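Listed next: structures, encoded as structure tokens.
Shared between the two complexes below is chain A, which pairs with chain B and chain C, respectively.
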Partner chain A sequence: MAGYALKRLMTEYKELTTRPPEGIIAAPIDDENFFEWECLITGPDDTCFANGVFPARITFPQDYPLSPPKMRFTCELFHPNIYQDGRVCISILHSPGDDPTGYESSSERWSPVQSIEKILLSVVSMLAEPNDESPANVNAAKMWREDRAQFEKIADNTVRKSLALPLAEN
Partner chain B sequence: MSNFSSLESQLFGCVELNDTVDVIMMSQAPSTVEDLFFQDRVPSTFVRYLLFIYFPIGLLLFLIRLCIGVHVFLIACLLRKTTALRRIVLRIMCSILGIVVVERGKRDERAHVLCANHVSAIDHLAVDLCNPCILPSVWDIPNIIRWCFGYMDLGASRGRQELIRESRKHIKQSNSLPLLTFPEGEITSGERALLKFNPWPCEVSDLIQPVSIHIYRPVFNVNPSAFGSSWWADCFWFMALPFSIITVTFLNVVEKEEQEPYNEYCDRVSQKIAESLGISVSNFTNQDVTEVTKRRDRDRMQRQAHAAAQSVQRVSEKMDHRRLDELTMRIKQFNPQISLFAIKKDLQKTRSTQATLENIKSGKLQKAAEAEDQGHGKITMDPSQWRDVYEERKWSMVEANRAQYLKRLTS
Partner chain C sequence: MRITAGLVTVASFVATAATIFNAFLINKQFYPAMVYLTKSNASMAVIYFQALVLVYISFQIIRSIFFGDLRAAEAEHLSERAWHAVLETCLAFTVFRDDFSPLFVLQFVFLLLIKSFHWLADDRVDMMERSPVITIKFHVRIMAIIGLLSGVDSYLVSHAYFTTILKGASSQIVFGFEYAILLTMVLHVTIKYILHMHDHRMRTLQSWDNKAVYLLYAELIINFVRCMLYGAFTIVMLRVHTFPLFAVRPFYLSIRSLHKAFFDVVNSRRAINMMNTQFATATAEELASMDATCIICREEMTAETQPKRLPCSHVFHSHCLRSWFQRQQTCPTCRNDIWGRQAANNAAEARQRAAQVVAGAMNGQPQVQAQPQGQAPPPMRPLDNMFPNIFAPQVAFAQRPPQAVPQQPTQGAASQQNGDIHQQPPAGGQPGQGQFPHPIFYAPPPLVHGMPLPPTHNMMPPPFPPMPGGFMAPPPPPLPFPPRPTFDGLSDDELRQIEGDTRTALEGRIRLLQNVSTLLDAAVMHMQIYVNAMNSPIVNLPPSQQTTTGSTSLFSNSAEEMTASEEAQENQPSTSANRADVSENEQASSTATPTQSKSLFSSESSKSLSGPLSGEGSAMNERADTPERSPPAMTRTPSSEEIRRRRLERFNHPSSVDSPSTSNT
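On to the complex of A and B.
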């Protein structure tokens, strides 16, 4: 089982290294454990997250790709679909069986034909278009809906932080 | 004492066996210094298992014998060296300690110098039990033990010439004890070949009686010495194992011919001992052995240090990875002109923010602008390189977005 997972991860690693999608890179944290990856996602252009480079961890189960991996941002990210501890709540990371929110359709769920690249691209589009119907962070969802300016300000500071720039004054 | 004869006959059988084995081995001369030594103390897996079972008994035996050993020391110190009583008492007590000495050949009273091969830390004790003798303390042995065994300081520490002069003076004294020497200078296995003798005993006297020493251990044939082992470890094994039989063979006296150089005379003596043991004399000297020992110790230390460093590095790499990234970002915040990749690399080396900041101050780190044409290096097919590719891409990605963001801000 783990042997197949390893093989699959290796293939994806090669694909991501030789042909990295725009604004996304990913690699195992160390050569001895292929089930723990680090990745960087660039905030999509023309959004409040533009040019931000956000690091995240992806943890793969031993029966990958049958079960989906887990993803967690290691930087602070104030976003309706990201829990406060950084976990990403997105339909592609959920198996068809479990549905914590009840808002997702089966077609968007995890299946073995998905890949790390697809997950990361989904996360990029999630950053661009938050789904406030099934919020993981209620405060963020509320602010996104009601006080967009404040939300963008927080987002801008997150971007600055991710680029080692001093924070903007309030 | 009566059981000696039976032991002896048992032993003779074994010696004969050894002889045949050694004759076969003689045909292939030892190619390295290491061949002259036992590399491992325990010769086979079978004996290892046997020892495992025997261990509790052995330890108990060792402790009991240690107590008896103290008494042996006391007796050895109290009784005069020349008395027959001392010899008999010590011989019996040594048998209790597991050291059975079997004497063969005849001691020739004309020779005042004995030359023996060196197979264990207690060779001199074995010879001493057969024939009282004096051992010039050539080696670094604790003073207390030297005193207990009645060693004599013949000025070996003050150089070779002094040693020879003092030794000559000693043997000229009437009714002095003969001088026992181990011209090999190192403990060897006595099974492959002898080390080349140091000719100093030959310069002391023109009459030398060669002595061959062989150790045999029934059942638990644990080697009496191992390459680089310490004397106290050798002694422990002597006392923990049921018993060891040391055969001391006095060979015919070798007389120096007139005009014969010391070297050749010495070679004849060593040849005689080698013949008796059924082995050959090698061309290696004890300096070669010292070299090998040094090299071995150095290698071992390097290997250990390397392994330790590697494991520490691996652990800290895993643990520090994120921390280092954080620090990199923080340093970048105050030193925007330096490339992130350079900061991270330097941090990995220094493992200290302070040191990296110092390096930045002294201009050792690459500027961000200079780093730009890098970071899009070739991608090899070797997966072990991909991690580095990722690391480079990561920082150039941050760098590029940072520049874009700042550009957006000013426009």
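On to the complex of A and C.
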């Protein structure tokens, strides 16, 4: 089974390198293990995360693509749908069986039809439009709803940090 | 981490050396120095710690020989499992506090050491699946460690066994069972290794579908053996010592994985069964006409891999679908539940099959004859064969392109084409004809109980009074007709779902419509059965003739054809004579048919130009052709013959009423 997983990951890697989606780079960490990927995601334009480059790590299960991979930002990211430890909480990464939030319809969940590219694109759109209905980071969701200016300031600092720029004055 | 471990090692060596040096410095001689060392608690602590460090060093050496550097995941697994094992060892010490001795501790530490290599080997073999390249070094290492571990395990098991036999029950029972369980683990690792290795060698050629199944069964069996061992261990321990608290966690874990393996096997079997029996295999042409990439594994599908088509018409590799169905029984693309639709399809199919049997018994005609090669609209396929009489013209028309080159001009095809001729005059007058590619669209609307349904059938449009009149004239007998679809069976929730404008609501509506269409199909089929029954006096003619005359009386509007059908009915009493005639004609027709079908086609095409006037010619043509045609192989069992005769008797009366009314129109 996992022979197929390896084959499929290689296919996806080939596709991602030959036709990379805009603002996304993803590749396995080393040649020996195709089940750990590292990716860089640029913040979508015209949002508070614009211009930021955020590294993340994707871990694939043995039975990929039957089970969804796990994704985790390795940088600090203050966002309603990202846990404190960097884990990304979007419905596409949840298999239809389990429902951690109870908000997701099964049609948005993981299925073998999805791909790394689709995951990363939905993460980009998640950065652009946080879903504060089922927050992973309640503080961030609250701030996003009630104090957008402060949220944007924090986001701006995150972007600066990711680019190794001096932080903005608070 | 490494540095601290190194530092600790060095510090331990220094401390040991200092302790021993100190002892010799004080006592000057070997024997008193030893006594001093063993009596002094501080020195003993240093020496015990040194032993621990030595074990650690030997572990690192063996690890670097057999495994090289550990991957992050392996190290993580190892430390996690090691903590549990240490905890269990401490629990075991409490059970065996009477036997507690340095030797006992040493044995436990050795057990831990051996166990850790088992875990590493297990992880490493699992890694084979993920790694694209596998070196010879890897194979040598794995084989060596498997050999070593199995040797050590089996030696220690036998050692524990003989110790227990000779000296009675002791803590050796624990070690015996522990090593036996480790032996099962070695066995599992070996099986996995062999399977992966085979897979790797096959991978260059093709994918090996059965590996997953073998792995599942191996896991099931190994887990079963492990559970048995733990069970036996618990029983033995309860009789000899006390309840083995330290074995509870691994026992529970192995029961859980046995449970999981069992259900995996069940699900996988069910999925395989489903794949093999319930879904149509996509043909090469179908694959060529679509995007032939399996969306699960992102690889091309070829006809050799036997890709499967789901009821929602999405196509996947069968092995990909199989592993997906082990997890979920939905379509990966559209997430339709395959069970729900499958059940509906099955019901419809069963109904169709039952009706087919009845129809076959009634007119004694093999149903599978009118099947042109190479065209496959799979789900509706049976319908073409269902209604040879009514549908023959339409099928022939709809599928004219493949028949233009007469491949296998069977009797059925000939009779179809003949039907086509009769159908041609109305066809010429009907400009929009032939738009519908699929024969099912030509199905006459089920005129059940004279229900005025919108005419979807352009062979029998409203401005064509004689035909529907002729068709509907006999008062429909009371049919055991399937109930019309009502919404009674649906719960409020389902109704509300259907009312909405969401995707699920739309799907619900579509599903409902599909049910309706199934019922309509069933209705058409019933009609067909009764029509057959009414025409059955004509059945006494050879079936092929009956086919043409039947369709004539049903569909034609020309007076000439009416007379033809009446003539046919006049022939009714002379059954035996006709049959003899047929058998004579059989040999002749087998050679005559190929050319005949061609000539029929050409005559038909010329006629379609000449318009409705050619009706008479076609009728003559038909009469000229009929003797040449042989019947299909008549295989009628005595019982079906009996049924047929009884039915004929029953329907004789209505049909005699029927024929005048037909001619009236």
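FYI, the second predicted complex is superposed on the first by the 170 of 170 C-alpha atoms of A that agree within 3 Å, B and C clash if a C-alpha of one lies under 4 Å from a C-alpha of the other, contacts with A are read in each partner's own complex, and residues count from 1 in each chain.
Please note the rule applied: a contact is a pair of C-beta atoms (placed from the backbone, for glycine too) under 8 Å apart; a residue touches a chain by one contact, two chains touch by 3 or more.
The shown structure was predicted, so the numbers you read here are calculated from the model rather than taken from an experiment.
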{"item": "Chain B versus chain C as contact partner of A:P112, first or second or both or neither", "value": "second"}
{"item": "Touching partner for A:A164 - first (chain B), second (chain C), both, neither", "value": "first"}
{"item": "Touching partner for A:M10 - first (chain B), second (chain C), both, neither", "value": "both"}
{"item": "Which superposed partner A:D63 touches (first chain B, second chain C, both, neither)", "value": "second"}
{"item": "Touching partner for A:A27 - first (chain B), second (chain C), both, neither", "value": "first"}
{"item": "Which superposed partner A:A149 touches (first chain B, second chain C, both, neither)", "value": "neither"}
{"item": "Which of chain B and chain C A:F35 touches, first, second, both or neither", "value": "second"}
{"item": "Intersection of chain A interface sets (partners chain B, chain C)", "value": "10, 31"}
{"item": "Complex contacts: residues of chain C adjacent to chain A", "value": "71, 126-127, 129-133, 199, 203, 207-208, 211-212, 215, 295-299, 319-320, 323-324, 327-328, 330, 332-333, 335, 503"}
{"item": "Interface residues, chain B side, partner chain A - complex", "value": "314, 317-318, 321-322, 325, 329-330, 332-333, 336, 340, 379, 383-384, 386-387, 389-390, 393-394, 397-398, 401-402, 404-406, 408"}
{"item": "Residues on chain A engaged by chain C in the complex (per definition of touch)", "value": "1-8, 10-12, 15, 31-35, 62-63, 65-67, 95-97, 106-107, 111-113, 115"}
{"item": "Of all residues in chain A, those that touch chain B in their complex", "value": "10, 13-14, 17-18, 20, 23, 25-31, 38, 40, 42, 50-53, 55, 74, 159-160, 162-166"}
